[in-house]
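The following pair of complexes shares a single chain, subunit A, combined with subunit B in the former and subunit C in the latter.
What follows is the complex of A and B.
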């Protein structure tokens, strides 16, 4: 099967998944206690005002009717309006999505640029000083709470050295990039620890395989063996782990976004859940789901490129 | 290759070392003395070192953004406090929160029967877009405030029957009944003049993004959840120091503090009380609690047994140690409260007893109530509210000493409100932030049973409802004071709820900031603030 038809088939497979998710999100958010009228209008609203608000938002409509209205709007690419912000949900999401995607790219960048070489080096220098140091770091990266690491980095590079802003998303691309470096490193430190350990173990395993010994006996250069035979093969399981992390990053950036005050989707979603802003929650989750499905698809394609034995079936 | 590996090893070691050292640095800087707080508090919010050229923009970080800047339909303090620098009405509350002063009305007369009030307006007042304020704008603004069915401030204009503007400098209010609170009510955010032309242009739905009004600042840009930028109103008739006011939204308290330390913002609000001393120990920063018309109470649900028993409620009042709560939770930045009326309000009565801890008396009361071995109940708190969490932890221990078991149950905000509205909370901490120094609205909330079930406590006392009604129609100030005194005494006698403390607005600012004013009602008076380079 060629790559294009594989992609088309996968995209078609996503449609039922997508609709199952819409049902789940729609029902679950309404099952938890909490009334949007009460959270939106506050304690001082009268009973009449609360009733009027419920009528206005269709609170008393049967659940199936509310769902079909939502679905109908969705088919017209209308995610509804936010109760809290009185703005179309799609606008709110599109404003914040670039921040979250930027943060994810930043995290992946630092993980790949720092984590891959370190993991490889630790595997090659097994039980030597660099390996010990890298393993100690891995332990630190896994155990240090992200909010603490973030605050420490802010204190050092934002307050003392003033190399990066503590919080300034800014208006221009260079300002955005500067604002994403420290959060990217903070989040990457935790993910890197996992990636390094995984890659190190893969490198150790693969270094002892017969095909590496055979390559060496054939007289291939160490650099070529490292790159083509060890590193490339060691990357396969690591790529899977990284893709899962990226998927979780999109929905789990809330701590980093809070500490670094980034106006991303995580903060929007949390605030919307707290105020029972149903439309935003539904819209946000759908965007997450679509993104995760696409990331999975891309991962599968990368997988097939890294390992020719993997076919797109 | 070897060199590169060595570099990586070195880099990693240094990185780990730096992280460790940074952590040490932070704790070291927090251990200094903290004498500066009281000095700053005694000299107001001015600082001695600031001088030189003013900056173009004053930047402030606050934890939550405004939601709705429609003066009539807004609901939260984060809206109202900002609107005070955007909109103006006939009169305004003084900066100390206790007096009513002329604003766009330079004077006023009232008819002999007290039902007709004529306001003489300042001439040639313009909106921030340069258009003149007309009588039609006044009539539009008031009629909208009076008739809007989504306004929680409707009570403040309940006494107004109709309004008219014979010309652009005269505005007349006709009241349904004599209302002694009318002047303070006119200071509310919903009774301000707004441009009718602008409202007609943007429509009701978009009006939550703010009006065109006459205050010292207008809304220049608003990215919700991120920032609100105010700019100087070029048509404002008085001095305004800063060209722009930037209100950034920074939800995390630690991040707000770091932004202040790095100079990215000039002032931060809602500083955790426990950090005030630490911030004061840092050069160039002052932290303090500004007086606030804000009160917290322990609300007890009288409908849930055994709280229907007055002696049980009294026992709890005698078992809690309020000074300890203030010292531990607020780092001393609060005052013990004695009645349901905050001390920043008129008619607050100092003679009403303050809750005082007496463990033996509490045990005795429990015995008399038929609970010699105590009882257990649910103490409900909202997740993420660190003040509530700390108070609950302390009170649990205090109540345990008299044999009462408080089971702390944490609810997420919306679930808490749901329980609140459905009479599901046993015991919780409620808060009231005043918007006016007249206590009528608080009294309404407690004693008009249909409005809020007495703060959802289920307490109902027809005598207090009657006293509240009498106070609303009484023009004689002494008699009004007497009615409110009786309400406060009965509130104590029936142990309706337990007043805890009157809080403060904890802020921290750079020493480059002078004359920042937040009135005890919370209103920001940005026109005074100066921020130097």
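What follows is the complex of A and C.
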């Protein structure tokens, strides 16, 4: 009950944030030089054609009027239509959202499955060979550019060993999953570097706390101490970092989606910015903002479940 | 000796790092009888807690065991494997820690931390619960049924000390190492904890090693005492003997610096100077620099632990000079 009222309060708090973002997005896009009419009609369009097009899309309306029309439509869950694709923005986004969500899930999966054990091991074997190897790796993971790592993986596991599809999103779910593995690993390699370092340091710190020594004095087995005392506590700060990364993944997916030719939101956004497709950019950014806000909320809830000292209020 | 539950002989332990060697425990020997409370007294940093942690081998990786023996119920503890030690820890000898705020797992319920002591025992859920409730009652925690479901941060310092003792007692050990159980608590709670430990000793017949720097606590709880200074035991004997006839200048100084309740308004006496750094101990007596009886020999040679009375030993060349020294109690 307490948790439910907290969630409702947080959702209500999101409303003003959301509106501030609409204003920002709306104004900022219109600050970029270039205009949709030129992009849409091309170099050869005559002056009259351009003027006619501008009239049609309301280019000369005052900015506040354009904003209110946008807001009014938004309240009806109408994000407008794309100039480029001549399709409702909401359809374009819903079509691509699953790809980006799938990519995010894939990234988180590989980060957790590979990063958590490595970080824990590095912490346990502090200043021994495994620790050094893992730390050198994480330095590499931090500094290697993702587009390069992605291309290398693609070259190795897609072209040389034909294990994964190259630039092929496919039509069925298994095909989609196969298409998401390499991009997931690519992105995860970068995030993992941060997660491993953080987790390693937490494990080192917590191994030296008196509750771990006390646990040992109770005669508990090392396995139990590792799991229930060290890992459980070490994971808390790492969870926060991971969630921040998940939120920023949505923006970072642009590069990965381009490299792997995935039809996701990132790719859609990039194309829309280049063609000044205002309504798609607006819609996309709003979806990003809502997602980030919701991820933050979910993180806070998960955190309160992991750490009893944190209360939701 | 038959009725000694624990015998420590010539124990040495150093903390070794790249830059220095900290000689935390330097050749100490003592024994604890069945059912007695043995006090390990000394100022902060003299190695008291290190002794406790060495007994259970809970030391950090940089601690190097340099020799000696620890016999518990006649069995040598040094050199036991981790598996064998796990059977001793908590089940035979358990320990309560002085770090009240950080010594319990912050993310699991108190109940689970007590239940962990029942691992390996054939107990049903109901039996575990009943036993946990009884333990909390035993250490004087009100409404135990509700408290079992709570987390450590919901308890006050005194309550945490009680929980730590409850956990330490859960597997019915024969011996409790109580590391500064009263230090972080205010005086009324201190008194309650002292009474609690004393009553546990009576009802459960446990042997207790009490680590403290508080001579007042020692006098209320201990049957015998070892006074530690710079990683060595400088005087050991019955509580009564040591409080009435201290035969080591450091013990004498400690006793003299206790506040007296005779109404005198004199300033408290203190021992001038500070203890030597454990990474750079003098070759002679480590107390010599602060000692008013010190002579040439004290600076050049390490004094032996001399028998100065029945079951009373002092590590000093000049015990004779202290023969008339007065303690707190007149016998």
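The criterion applied here is as follows: the second predicted complex is superposed on the first by the 312 of 313 C-alpha atoms of A that agree within 3 Å, B and C clash if a C-alpha of one lies under 4 Å from a C-alpha of the other, contacts with A are read in each partner's own complex, and residues count from 1 in each chain.
Convention: contacts are C-beta pairs under 8 Å (C-beta built on N, C-alpha and C of every residue); 3 or more make two chains touch, one makes a residue touch a chain.
This structure is a prediction, so every number in the text was calculated from the model and none was measured.
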{"item": "Fit or clash between subunit C and subunit B when superposed on subunit A", "value": "fit"}
{"item": "Partner chain(s) touched by A:105 [first = subunit B, second = subunit C, both, neither]", "value": "neither"}
{"item": "Partner chain in contact with A:139 - subunit B first, subunit C second, else both or neither", "value": "neither"}
{"item": "Touching partner for A:306 - first (subunit B), second (subunit C), both, neither", "value": "second"}
{"item": "Dominant toucher of subunit A (residue count), subunit B or subunit C", "value": "B"}
{"item": "Partner chain(s) touched by A:214 [first = subunit B, second = subunit C, both, neither]", "value": "second"}
{"item": "Which superposed partner A:63 touches (first subunit B, second subunit C, both, neither)", "value": "neither"}
{"item": "Angle at subunit A between subunit B and subunit C, C-alpha centres, nearest 10 degrees", "value": "150"}
{"item": "Touched partner set for A:233, first subunit B, second subunit C, both or neither", "value": "second"}
{"item": "Lowest inter-chain C-alpha distance for subunit C and subunit B in the superposed arrangement, angstrom", "value": "16"}
{"item": "Of all residues in subunit B, those that touch subunit A in their complex", "value": "1, 5, 8-9, 12-13, 15-16, 18-19, 22-23, 25-26, 67-68, 75-76, 149-150, 152, 205, 208, 223-226, 248-252, 254-255, 258-259, 261-262, 264, 412-415, 417-421, 445, 450-452"}
{"item": "Interface residues, subunit A side, partner subunit B - complex", "value": "32-36, 38-50, 52-53, 84-87, 95, 117-118, 121, 125, 129-130, 133-134, 136-137, 140, 144, 149, 151-156, 158-160, 162, 165-169, 223, 258-261, 263, 267-268, 271, 274-276"}
{"item": "Complex interface listing, subunit A residues touching subunit C", "value": "208-211, 213-222, 224, 228-229, 232-233, 236, 306-309"}
{"item": "For the subunit C and subunit A complex, residues of the former touching the latter", "value": "53, 56, 58, 60, 82, 85-91, 94-95, 97, 99, 102-109, 116-117, 119, 151, 153, 164, 167-168, 171"}
